[in-house]
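Shared chain: chain A. Partners: chain B in the first complex, chain C in the second.
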Partner chain A sequence: MTELALKVEDLKVWYWTDRGPVKAVDGIDLEVKKGERFGIVGESGCGKSTTAMTLLRLIKPPGSVEQGRILLDGDNLLDLNDEQMRSVRWSRISLIPQGSMNSLNPVVKIGSQITDAVTAHGDSVARAEAKAKIIEMLGMVGLPARVYNMYPHELSGGMKQRVCIAMAIILQPQVIIADEPTSALDVVVQRVVTQTLIKVQERLGAALVIIGHDMGLLAQLVDRLAVMYAGKVAEVSPAEDIYKDPLHPYTQLLIGSVPSVKEKKPLEGIPGLPPTLLAPPPGCIFHPRCPHATERCRAEVPQYREVRPGRMVACHLYE
Partner chain B sequence: MPGLVTYIARRLIAYLLTVMIAITANFFIPRLIPGDPISALIDQMAQHGEVVSGGAEIVAAYKEQFGLNGTWMEQYFRYLWSLLRGDLGPSIMAFPTTVQELLVTALPWTMGLLLVATVISWVLGNLLGAMVGWRRDSKVNSALVVVSLSLNQIPYYFVALLLVFFFSYNLSIFPSSGGFSLIGGRPEGMRMVWDILYHATLPALSIVISSVGFWVITMRSMILSTLGEDYILLAEAKGLKRQVILNKYALRNALLPQVAAFGIALGFVMNGSILTETIFNYPGLGALLLSAIGNLDYNLLQGILLLTILSVLTANLILEILYPFIDPRISHGGD
Partner chain C sequence: MSEPTRMSNRLLEVKNVRKVFGRGGIGRQHETIALDDFSLTLYDDEPKITAIAGESGSGKTTLARLILDFIKPTSGEILWRGRNIHKMSKKELMSYRHECQAVFQDPYAAFNPFYRVDHLFHMAVTEFKLARRKADEARIIGDALEVVGLRPGEILGKYPHQLSGGQRQRLIVARAFLLKPRLIVADEPVSMIDASLRAMILDIMLKLKDDFGISFLYITHDLSTAYQISDRIFILYEGTVSETGDATRVIGNPQHPYTQLLIGSVPNPDPALKWSEDIEVSAEEELGKGDKAGCKFYSRCPHAMEECHQSPPRLYEVGEDGHYASCFLYKGSG
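Up next, the complex of A and B:
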């Protein structure tokens, strides 16, 4: 057995539109260790949700997985048939979706919706014990037992989000994907819900992949952080290193654009716009906005590699 | 539970108020039609060669008989009073038969035909709509969508006439008119049931064919928009079986607006019955209404309209009371 919970190799996921393929995920590699908290950060539209959905094989046409491997504890999910994939979902990899506000069926009670997940994977024993287990999980995320018998519209946004967390851990999967788990909540609730998520993950020992667009917030939560840009991974580094010593020019600019409370640095912002994923620029995809771009950057795609121990970067500067 | 009681009480009060307004409108509107029924009746008798002497006296006598004497206000309160006693008065055109008797004879035909056909159409349309929405990629289903869209565009009478043309005149499989056999004596028992079903087939088919397309199309679009919801994606992420996702997550939500729309469709049953019963010469309320209008039979007109309004309002009341049970977001407690 590997010590990796999840390994993504050269994954490409494209959306086929009338104007050609939108290369939402275009050859990414990721490794998530068992029990690790792993962050994925990037601007809107860089392919974070597409990546998350692909990890559960939930991409729908016009989207399609063009190539790559997704190894969940060694098994390539892309090789499984539909029924095998169905049984992997939730029991081994679960999801806290981006739109948690609308992720609960409005006409079915919370308890019943969580029970469905148990029933889909469990034997009759598991089913019989489901209710007690669900109420225990609700308690773990700070919800009273009566939520079991409530409908989604009777809950606040924060409570719905907690329900989604409780639901995601009910089968104790090895990997939990949280796609911007708190982005729809107000700031105070965000913090509390995030703490709950971390606490639960630690109790469970599951690997947690958190997706977000706030680099500062994410860096405080995770062990390692991947920075995505336009469908590619720019850099993966331990959270403290990436903040102290960002390697990729894009990461440097991102950190520069995070307002800092201690130092009164002017807010830099990144000049230019992310490229259209329909026709990405040749060479390094970041070169139109990169302050260090050279002739080589415009022609040659940089290799994604380990440039220092534990630090992966795709940039010609480090070759 | 106190929420439920106040909710029902509130609905009931609104219901009674509406009924009251309807009864009032129902009384005055027929009287706005130009002409008066007694003169029409006497003209008719004269045409048939009957001797009509002492015109003015006869008119006065008849008016008293039918409750048409006095001012409109006097008539109105007399009408309310007899309604309270459940008396709809004698029919003018079919005197001395009472309006109740005519209604009781006609109602089962309309209910049996129109209501059953509407329910069949709703169930069938929603099943097909759910199927074509759920399996969008199948060729058969795409063809079904095109057929439904076209059916939805064809006027009702055209469908009805086509059916009569093919199945009665060309193939002689089904009778073209009537609700039962007139020739050779009326059959009894099971034979009678078959006879009635046999006669109802074409009219029912015409209603189903011309209305099923609407339900297919609306259900399909409800399912499609439901399938785009986040909770369907999450249901799939949970590894639920397709059947569970369809039944418990997609259908339950997609059906809600369809149930509400069914309530509205019930309101049009009477509308439909006029056309159907005219084309197929079917002995129901629609046909009765038509002759009531032709004969300016105020009492009968009022009776039919009252019955129609009452059934629509009652259907809606039942739906309003039941709806919160199927959609938890609409609570009995609130408004």
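Up next, the complex of A and C:
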């Protein structure tokens, strides 16, 4: 059995409202192997960003982790106290948050911002030593040393995003979580940033979890892909398999809805709307939009299980 | 296509429009040429979806704002049925606003959260005097909702927060349709909509064109949807047209080195078709974008020649159906 970098077991993260809990993440299981690039894809509201934030224990009220375990190299992150978690964050697991290029402080130079991240989470390193390290990391993401002394507004969007990547890898974590790392960037810059991310991940040998909504982009990136829908994992499969032969009807429709620049074909969407997570439908959560739904799907929640070697799916079609 | 007979059919003409921002006492180095020498003609009897595609900062939204009369061009003219829109009388302008509608990117920001969605329609009906009686108003609103695939009973009376992004964007399109416009300027109408619901909005655009003869200016950064729905395309780079022509030809067989890079960078939804190679964009290039005197793409172009550095290339004909590229590689071809 391959060693796992990260294992998520039966995780539930709910947001409490006046009308009851919104079940943003409702019992998901994920396994990320060491050194692997793992994608989580889904549409707005499917729980992918909540999952990312939970992996670093950054969920704030009204959100709360109701249940589950997050095992990082065997340690359950949900059991750690705040101080212990702070020492794990960044040094063992780090995050490139969504829109992170806009999260840089506009009045602090890049070098100081990265130094802050180092001193907050890492060992107490000498400032001079930190500077050399930061310049090395900037080089690794393809930025010149002078960026150290620059302000965020002097950089382009793609360069800021690369600064955030440098910040996330500076303490050489085993797991890097990237939440929509290129969502606000143009295609050419997206390609540059993505290629930088892959290069850095391969050099560090870290596991990379990429959260995204773009099936096309993730195809270029990941070894294995999890498809989330309405707080649940619909399918996890190796990237080649999932594009060639998607199992879950939602995965099939999602791949069908990606427009191509190679061939003209009628545009296909998915009929209906995602369910409200305050009152999800009974049975399979996808059944109201599923072209294959049967009586059983309306009544019984499908089990998430391995139906072919290395391929997990939650769908009655494969039972 | 003889020019004189087509004169009367001209719906929108954008003639050599240039927009410069930041001119003022501080000096020329602070000027940004957002759009340079842009021309385009749309005909009333030939409804088309024209894509204006480019990255951020390419000038595509500036063009939309110019056409919608939110800002005025620094030079050049925009004519609607032969009349300069920036010199129209109040009455003419009102009729222009009736015939040329807009759909924007953010379906959340377009609504006032304190009003029911009906308000959006009621305002349009009152402002443009579309119906005299309540019953007529209800009928035309119902018709417009039906065209975008929404059931009036399920939508009217609701507040914006009770609807999804896809439903809201369809409402915005329905409101535009209510006025029976000749042109809809759609600025990134689907970029905030999930993939599964995006197709529905794009299908509605195709239907409005085919069944009701409404033209669209589809402003987007997404080449794949532009390829799927548009008839013609303009690729903008730093305010200038790098390539234009029939959308299938331009995207299927791009001629300008920038268009080639752009299309080569669109990720393919197939892991077997990976990006051909790593591309390097040096930080120096990213910081000092564009060449002041010559071609804007000079510093990033793999084919850059001495000539490209000297003066900006004009549009050269590179293929059939009005396929042009602004690149000296095609200087000999016409």
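Just so it is clear, the second predicted complex is superposed on the first by the 303 of 319 C-alpha atoms of A that agree within 3 Å, B and C clash if a C-alpha of one lies under 4 Å from a C-alpha of the other, contacts with A are read in each partner's own complex, and residues count from 1 in each chain.
Basically, a residue touches a chain if its C-beta (ideal position, glycine included) is under 8 Å from a C-beta of that chain, and two chains touch if they have at least 3 such contacts.
Note that the coordinates shown come from a computational prediction; the quantities given were computed from them, not determined experimentally.
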Touched partner set for A:44, first chain B, second chain C, both or neither: second
First (chain B), second (chain C), both or neither touched by A:103: first
Partner chain(s) touched by A:54 [first = chain B, second = chain C, both, neither]: neither
Touched chain A residues, chain B compared with chain C: C
First (chain B), second (chain C), both or neither touched by A:151: first
Which of chain B and chain C A:116 touches, first, second, both or neither: first
Which superposed partner A:240 touches (first chain B, second chain C, both, neither): second
Residues of chain A at both interfaces, chain B in one complex, chain C in the other: none
Residue numbers on chain A that touch chain B, as the complex places them: 56, 58, 86-91, 94-95, 97, 99-108, 116-117, 120-121, 151, 153, 164, 167
Chain A residues touching chain C - in the complex, by the definition given at the top: 43-44, 142-144, 147, 154-159, 186-192, 195, 199, 213-217, 219-220, 239-240, 243, 253-255, 257-262, 264-265, 267-270, 273-274
Parts of chain C lying in touch with chain A, wherever the complex brings them together: 55-56, 164-167, 194-200, 202-203, 221-225, 227-229, 248, 251, 261-263, 265-272, 274-275, 278-281, 283-284, 286-287
Of all residues in chain B, those that touch chain A in their complex: 229-231, 233-241, 244, 248-249, 252-253, 256, 326-329
